[in-house]
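Each structure below appears as structure tokens.
First chain A sits with chain B, and in the next complex the same chain sits with chain C.
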Partner chain A sequence: MYRNLTIRQKQIVWAWAFLAIPVLFYVVIRFYPTGNAMLISLQNWNLLGDRTWAGLDNYAKLMQDEVFWKVFKNTFVYLLIGTPVSLVISFIIAYHLDRVRFMHGFIRMLYFLPFMTSAVAMAWVWRGFYQPVPVGLFNNYLAAAGIPQIEFLRSTTNALPSILAPAVWAGLGFQIIIFMAGLRAIPRSYYEAARIDGVPWWTVLFEITIPLLKPTIVFIVVFSSIGFLRIFDHVFNMTSNDPGGPLNSTKPLVLMIYDTAFNAFDMGYASAQTVVLFLILLIVSLIQLRILRDR
Partner chain B sequence: MAATDNIRASTETLFSGTAQRRSANMGQILRWLILFIGGVAMVMPIAYMISTSLKWPHEIYDVNLIPKEPTIENYTFVLEDGRFYMWFLNSMIIATITTLSNVLFDSLVGYTLCKFRFPGRYIVFIAILSTLMIPTEMLVIPWYLMSQQFGWLDTTWGIMFPGLMTAFGTFLMKQFFETVPDDFIEAARIDGLNELQIWWTVAMPLVKPALAALAIFVFLGNWTAFIWPLIVTNSVEMYTLPVGLSTFGDEADVQWELIMTGAAISTIPTLIVFLIFQRFIIRGVVMAGLKG
Partner chain C sequence: MAKFGMKSWLLGAAASIAAFAGSAANAVEIEYWQYFFDARVAAMEQLIENFEAANPDITVKMTHFPYADYRTKVAAAIPAGEGPDVVQLFYGWLNDYKAAQLIQPLPTDAFPADQVSADFFPMVGAMREGDNYWALPTAVRSLALFYNERLFDEAGIDSPPETLDEMIEIAKKLTKADGAGNLTQVGITAGMNAQDHHWFREVLVRQMGGEPYLDDYHTVNYNSDAGVKAIEFYTGLANDHKVTAFGFMDEPQAAFKAGRAGMHIDGSFRIGSLNKTRGLKWGVTELPANAAGERFNYSSYWVNAITTKAEGEKYDAAVKFMQYVTSDEAMQIWLDVVGELPAKPSVGLTDSNANNPVFGPFIRGLAYANTTKFANESGQRQILMDMVQRMDIEGQAATDAIAVAAEAEQKLLDDYYASN
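Presenting the complex of A and B:
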């Protein structure tokens, strides 16, 4: 039968034969769960009892939940500090590293190394650094310099930036590498022309380099924003005695989802939170693409 | 005044070449120095982790980077009960299988979407691409329920099934198969190879660098994955390295030398792999980052 098919028909058969398993995978492991999450968000369900229809109750409850608004704010603080800080630092390093020849590969390796570590391991290492005297490295240095101790993880104001620091640190290497690739892609002739015209370096930077790097910047901003909005590993491991604490001051949305689903077993409520996370990610990505592409 | 200015101006024109070069050199040296110090600062947390893991408990309060009396006692103690070996093995198995699965299926799908013309092609492409927008966290609850139903909780399969294929990898491979000339495939067809053979023996070898980039990303992603393994496992034997380390950290409480040792055990292998394949990995990261 196969023999009687035309070349085009044979191609169709092959294509679908190749796609059969993957399509099944995407339907069962991606699309069905997506729909299911949305469905469960409209139900009340504690995993043991019956699933009952709740309509938009879970969403209404969320809007009135003080913890949710606290968590919502935290999530955006992670984003609004993390993304610009890591963007600026990684750009400055990439910009200068691009002009360095001596031991270039070695220095690049130093900056990239943290990207190869696991978030969980490094969260514990940094947690150790943040301990009070005599254990914590940072406080030991402060003590040696005669500066008062800083409560890093136990303070409601310092804990969030303290958790953000290792997250930014681990991601820098990746962003630097991407920036350097972007810098390399700018034609040398532009710089030559600017040099012959005697254009000062800051004009070159703002009129040539940064505008031509726009696709790279868009990519890094979107990529790192999604990462910061989904922060979990660092927070969970650095505050595991009181996840998201102290007083929910570090709790991001993903941790709230985890708690609601797997500690309180309130599946409907947790699903509603995941749908909100999905919408936040979608909206933030779209806004960023819009703003950064148009300008 | 005017005269001195004139003199200065003329000497400046005379010497400006060397002066500029000298200041440029100084600037260059300063730039190098600051970058170098910054780079050293970047690896300091890793260095301190390793250093503390080699210290005796009484010495960990010391900020010295080099332990006075280095010891591997912490490693013997942490590895003694065999849990870390188990977690290491679990992580290795899971990361390896998911990597192989991604390399195989993502490239097969990417190739099909790139090189075949068939009804439904566009829909399949858009559908797979759209899953990029769905965060894992939205799927963990349905996956958990699914695993509960099918008895996948606390099994290796349960940990790895969500990651067997990725839209990111599929998209990356599709981009790279665009660079494979259609003539090659046509020629192979005329030679009588079937489509499976063409994909495997003609197209795949031409995108090896992309496959390597994909493999690095998938492996690293699964090696460090935390939230899903945390949810789906509940017995100590099934933990992956990150989940195991997380529970170990809570258990070791304030014995920081042991925590640092555990962290080092789970970090050092990837660092060694990175140091060996450094150039190759960085190239792969750039490729995946820019094309994916």
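Presenting the complex of A and C:
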């Protein structure tokens, strides 16, 4: 039977034979659990007993849960501060680093190092920095200079930015590398033409560099948005005494899901939260792709 | 030499295979599961060895998992007819395990309920339902007040506090601050995230004349004068007496280990890690009494239960094994190896155990300990942490803070008992 196929058909058969492995992998590892989570979100299940049908109860509970709305807001604060700040800083660094010749590789390595460091280790080190006297590095300096201490983590207003700072820093290295690749890809001839015309540097920046970096910016915005919407390690490790605290002021959605699933063992409710997170990620990504795509 | 070694090894192996084959013919093998913790596994290995020596026709196979996977594995295995015949679980999970039909009650002939109630410390009664016990502990844990002997000597304090008032006075002598008034050493640690939420619930509220819960822990009852007094006392340590700071050195036990805290309330499970802390000289005493001399304590424990998978001769073997792991001998071994307290007065209150300078205060605490029946321990702890945060960070009044906490905890309990 195989013999009777044309060469083109044989190629198709082989293509599918090879594709079958990743397809199977995705179905078993990704699509089946995703579908299962959606199903569990319509049920009540404590991991031990039988699953019972709950309909939309878990979603109704979610809408009325004050903590959920607080967490929802936090998640977007992480996104709306984290993404623009990290985008601007990484662009500025990449823009200037691109012109540096002296120890270029070494400086680039310094920026990339935090990205390769384990988020857990980094979070614990920063957690140490933020402590009050006598152990916290920052507050020890403040106290030595006679300035009142700052409550970094034990504050409902300061805690979220304090946690976000190392998370932004950790992601910078990756974004800088991508930006630099984007900058290198812009043809030199445009800059030469601009220089011949005597155009000022800001016109070059806003009329040539940034417009031509658009695909790079789209990639970084989508990529880092997904990262900030899913923030977990930094928050959990820096607040593990009171996860997402104080008073839920730093709790992101993923941490709430974890807590609901593995401390309260309320798998149905946790799955409903997961489905909501999935929808948020989907919508945010679609909006960004639409706004930032080429006309 | 090497050849000889090999030969004797082979002989030994052959002999043990023969012995195994010989006994395997009429042997029952039962499975025991617990979560992985070095000392617990070592102690259980010793218990199994003793048990098998006394019961040559039964072998016990122990399996252990990381704590994080434990519940999922148990839940998946037992309904599938796999997994343990005797299983270890946290006392707070008993309801869930019962409801999911993973465990069966202990037989009344081997474990007559009234006899068990008389033999064990009173808080184990939480495992009883009517004429049946569902599960029993080998060992229990309780709270006590650790103190730093070096700091006590330095401040000229002769003996640890007996009452709450003495505790505050001593704490004042142990507190140090820098020029700007920032604490650099605290008299006593404070943090609801550690063991203080148990101290508040089961000790302080009762000492102020209250009853933290009613209806078998289904109804929150600390929103009362006693509750307000208890939380005012607790937050007063930081705000009025200034002998502590919440979040000092990140974690209470870290401050105590670093020698920056004079006193620290913690559980018997902390003994091991304090012993390993170099340069720390510590002592331990019973939790302070109130002015009327009343003392209370909180106890928690892991229990063993027979699963619904065990039937026939495996069931009989499981009952025998349960009898052994709840025997006096097993409890003494557990105390010596793991450092967890015996669950029966007959072992705990022997002269050598009750007067042991380290274990004694914990063991004496068991006589007046209560056990909170948690629906979701970390959720209920969170509510008390938030209560203190609202007072400490947002300046909420004690009466409001405790009302909000009581309402939130009641809702959590109602939701839990409605679905279980």
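The rule is short, and it goes like this: the second predicted complex is superposed on the first by the 270 of 295 C-alpha atoms of A that agree within 3 Å, B and C clash if a C-alpha of one lies under 4 Å from a C-alpha of the other, contacts with A are read in each partner's own complex, and residues count from 1 in each chain.
In the analysis below, contacts are C-beta pairs under 8 Å (C-beta built on N, C-alpha and C of every residue); 3 or more make two chains touch, one makes a residue touch a chain.
Computed from a predicted model, the values in this text were never measured in an experiment.
Chemist: Should A:146 be classified as contacting the first partner (chain B), the second (chain C), both, or neither?
Modeler: second
Chemist: Report for A:241: first if it touches chain B alone, second if chain C alone, otherwise both or neither.
Modeler: both
Chemist: Quick one: name whichever of chain B and chain C touches more residues of chain A.
Modeler: Partner with more touched residues of chain A: B.
Chemist: Return first, second, both or neither, reflecting whether A:203 touches chain B, chain C, both chains, or no partner chain.
Modeler: Neither partner.
Chemist: With the two complexes superposed on chain A, say which partner A:49 touches: chain B (first), chain C (second), both, or neither.
Modeler: It touches chain C, and chain B stays clear.
Chemist: May I ask you to decide whether A:134 touches chain B, chain C, both, or neither, giving the answer as first, second, both or neither?
Modeler: Both partners, chain B and chain C.
Chemist: Show which residues of chain A both chain B and chain C reach, each in its own complex.
Modeler: 127-128, 131, 134-135, 241, 262
Chemist: Can you tell me which positions in chain C touch chain A when the two form their complex?
Modeler: 68, 71-72, 74-75, 96-97, 99-102, 178, 180, 182-184, 191, 193, 245-251, 260, 376, 378-379, 382, 385-386, 389-390, 393-394, 419-420
Chemist: Would you mind writing out the residues of chain B in touch with chain A in their complex?
Modeler: Contact set of chain B toward chain A: 28, 31-32, 34-36, 38-40, 42-43, 45-46, 48-49, 52, 60-61, 63, 105, 108-109, 111-112, 116-121, 124, 127-128, 131, 133-146, 161-162, 164-165, 170, 195-196, 199, 220, 223-224, 226-227, 231, 241-243, 245-246, 249-250, 254, 256, 259-260, 262-264, 266-267, 270-271, 274-275, 278-279, 281-282, 285-286, 289-290.
Chemist: Taking the complex as given, what residues does chain A use to touch chain C?
Modeler: Chain A reaches chain C through residues 44, 46-50, 127-128, 131-135, 139, 143, 146, 148-149, 153-156, 241-242, 245-248, 259, 262-265.
Chemist: Name, in rising order, each residue of chain A that touches chain B in their complex.
Modeler: 8, 11-12, 14-16, 18-19, 21-23, 25-26, 29-34, 36-37, 40, 93, 96-97, 99-100, 102-103, 105, 107-122, 124-129, 131, 134-135, 137, 140-141, 144, 166, 169, 172-174, 177-178, 181, 219, 223, 226, 230, 232-233, 236-237, 240-241, 254, 257-258, 261-262, 267, 270-271, 274-275, 277-278, 281-282, 285
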